[in-house]
Amino acid sequence: MAGKSGATPTTYSPSPTTQNKKRPPIFNDVDWVRPDGRGFHQCRPAFLRTGAVNSASGSAYAEFGNTKVIVSVFGPRESKKAMMYSDIGRLNCNVSYTTFATPVRGQGSDHKEFSSILHKALEGGIILDSFPKTTVDVFALVLESGGGDLPVVISCASLALADAGIMMYDLIASVSVSCLGKNLVIDPISEEESYQDGSLMITCMPSRNEVTQLTVTGEWSTPKIHEAMELCLDACSKLGKIMRSCLKEAASPVQE
Amino acid sequence: MEIDRADGRTPNQLRPLACSRGILNRAHGSANWSQGETKVLAAVYGPKAGTKKNENPEKACIEVIWKPKTGQIGKPEKEYEMILKRTLQSICLLSVNPNTTTSVIVQEPGYIPPPQALSCNTFFAGCQLSSYALLQVVNDDGALLPCAINAACAALVDAGIPLKNLAVAICCCLTDSGCVILDPNKLEEQKMKAFVYLVFPNSILSVLPEGSSQVGGEPVEYGIITSVTHGVMSVDDYLHCLQRGRAASAKLSDFLRRNLQSHSPGDLSKAG
Amino acid sequence: MSSATMTSDLSSEMEVDAFRRLFPLRFHERHLQESIRPDARPLGKARDTSVALGAVASADGSALAKIGCTTMLAAIKMEVMTPTTESADEGCIAIDFHMPPICSPIVRPGRPAEAAPVISKHSGMINLKELSLVSGKAAWMAYLDIYCLDADGALFDAALLSAVAAFSHLQIPVVSLNDDGRVVVVSNEEGEKLEKEPVNKERRKLKLSSIPFSLTCVLHKNYILADPTAEEESVMETLLTVVLDSSFQLVSLYKPGGPVLAHTSVIQDSVALTRQRLKELQKILNEAVSDMEVD
């Protein structure tokens, strides 16, 4: 009899990911080329589509290189737990990974940290007064993780919120930058993230020129941070345009 | 087409049946059902005020809790729980006690019957809000799910839950040579190419106008409430199993009816 | 004033959508009388179905199956394990079915858990001996994970289809034993590393014998509705799932309760519907596989 998963034997992945990887190249070298051949300040091609999940109030699918994310929005609906009365609506966020999202098979569990970052990133952009006493649920599933997962999840979530007709001040776009030695690379892939010295992520509302969230980790110098922020804000406004056109496309009547 | 069975039964012969009801004091209804060495204990709590999760203003809710002999409940038990729940839902009159929950608890018990009655009681004490079907499998010697369904059905009657009809469950096994044997024990179950669990409604004894008890040229009790199969077989083999299962279900149905009748006067005291 | 006449009066005046929400059963029965369904399908017809192989690059085999709006993503990851002594030259398959919260407003956990046992039961489809690497020392463990991305009825059918498609896409990687006795993937660039004979010489596909296909039907009164949507499943509760393999053997006939009884004629009819559906699905799967090979 096959498929008896009762007492699962211990297994390991034969891919040599954990073993001696090639030493990171010298990033000080100006001739260094990114693994996918992009320029340092060039983002991955973005593919966005709304209405990916039929049974949700609103949903969106985003594909940036190998990073593939689906976000569903449910509500505004009755708050689940017996909660106190609230004049403003509640936002509930959850980010989870599939077991096959990463090269080594994971547990497919919820990502608590990302869930709370997503919540904080979106909260500032949503007009919570417009759905008092109710909850909007934002659920994200990372189908495949190819680096820069969190910015993709956040941008995709704001698109899904717009698709669900939740009132927002503006679309929320998010982009991250990695610091590799002397170089700043925008929209890093997993490989670059694994040997970065520092990372900076900006979540902003491009048309209002307002930042809802800024996270900086690792080693940064002040001028570098300035440079990275400029880079991110510029990319965010471009991403915002792409998101806007995606929504327009979905809203315009289908031409036969 | 003769086939030797280890315990000397004929292919169509069921193992000795036994059913005792009202064995637990604190449960609203309980039954101990055994087919040969397979023994299952079922207890019913309810109908009680529905918990928030199961609230439904139009229907009663049935909840099934499967208690394995030891340890945590696994995937197969979860599946059994669900099949049992769906099966019981279809025989209960759910519109009679809307917005209530009835719990059925099934215990897979060990070889020694008395102590588990105690453990059941302590278990039940924790879930007083709703009516549970607690099924405890005392001993598994093949045909576990059918046995549990029969036990749960007897326990529901014992608890006085309004039912449309009784359900009788049977296991049919298909040997490699294509013979069908009924009610296999564990050893036979493991050797078989395929087996089928079938649940039928019992025959209705009330006076009905001719034809109303027929559906598509078949009596009502020939319809299947639940069917679960394991292993690969041809469609004809399945239909053959169906036919043999139906014939045997009449015997089971008679046994259940007789058993319920013999106890009914004593039950009145428990009815509240 | 009886409620029956009242509702029928209302039905002529009320907007269709309102009627659909207030009297879902009557709404569907009205359609059934005309032998048509709300989405304009005849009763015995399944929704449009598509299969895309290789949807997940990080897995060894993957497939996306869509039946109407129901979407399932299945991916297989191969890992190495030490086989048990009693089956020293056999690999293993572990199947998990997930319903993440994104797929449905009411995630009912546990309900479609039935998918896993049935698929794993029929691993007769896969010869586990093919998953062996070094007898008694190492064998493949195939982790199959199925994610429901959009739940709109007939979940089992879509899950089975995606699982079967993922297995037909699966390519077992080339591996060799390293000095520590661990199995490692041989990458093509590092040719010099090949001083050790690879255990698994070339990327190969599994041989699939007798592929199973399924069709779920909703039974209501005397009607049999093939491939129900989530709405139909919730209004008419009796479900019957038939699984046949490519040689028309019955793999599973699953009917978990429900108010409608299945009589012999119903079983025969639904088996006949499944036979038709099997041919459709076979064609769809074969097309997906041959598309893959062209690329």
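Here the chain labels run A, B and C in written order, and each chain numbers its own residues starting at 1.
By our rule, contacts are C-beta pairs under 8 Å (C-beta built on N, C-alpha and C of every residue); 3 or more make two chains touch, one makes a residue touch a chain.
Keep in mind the model is a prediction, meaning the values are calculated, not measured.
The chains in contact with chain A and with chain B alike are C.
Think of the whole protein's Cα atoms as having one middle point; the chain whose own Cα middle lies nearest to it is C. Centre to centre, using the average C-alpha position, chain A and chain B are separated by 50 Å. Mean C-alpha position of chain A lies 29 Å from that of chain C. Those residues of chain A in touch with two or more other chains are numbered 5. Multi-chain contact residues, meaning those touching two or more other chains, occur in chain B at positions 75. In chain C, the residues touching two or more other chains are 121.
Across the complex, chain B is touched by residues 110-111, 113-114, 116-117, 121-122, 124, 210, 222, 238, 245, 248-259, 261-268, 271 of chain C. Chain contact summary for the complex, chain A toward chain C: residues 2-5, 8-16, 19, 52-57, 59, 66, 68, 70-72, 74, 77, 94, 96, 98-103, 105, 108, 137, 139-141, 143-145.
Here chain C touches chain A in the complex through residues 56-59, 62, 69, 71, 73, 75, 77-84, 90, 92-96, 98, 100-105, 119-121, 123, 126, 128, 141, 143, 145, 147, 149-152, 173, 175, 182-185, 187, 230, going by the rule given at the top. Put simply, chain B touches chain C in their complex at residues 75-76, 78-79, 82-83, 85-90, 196, 199, 201, 215-218, 220, 222-235, 237-239, 242.
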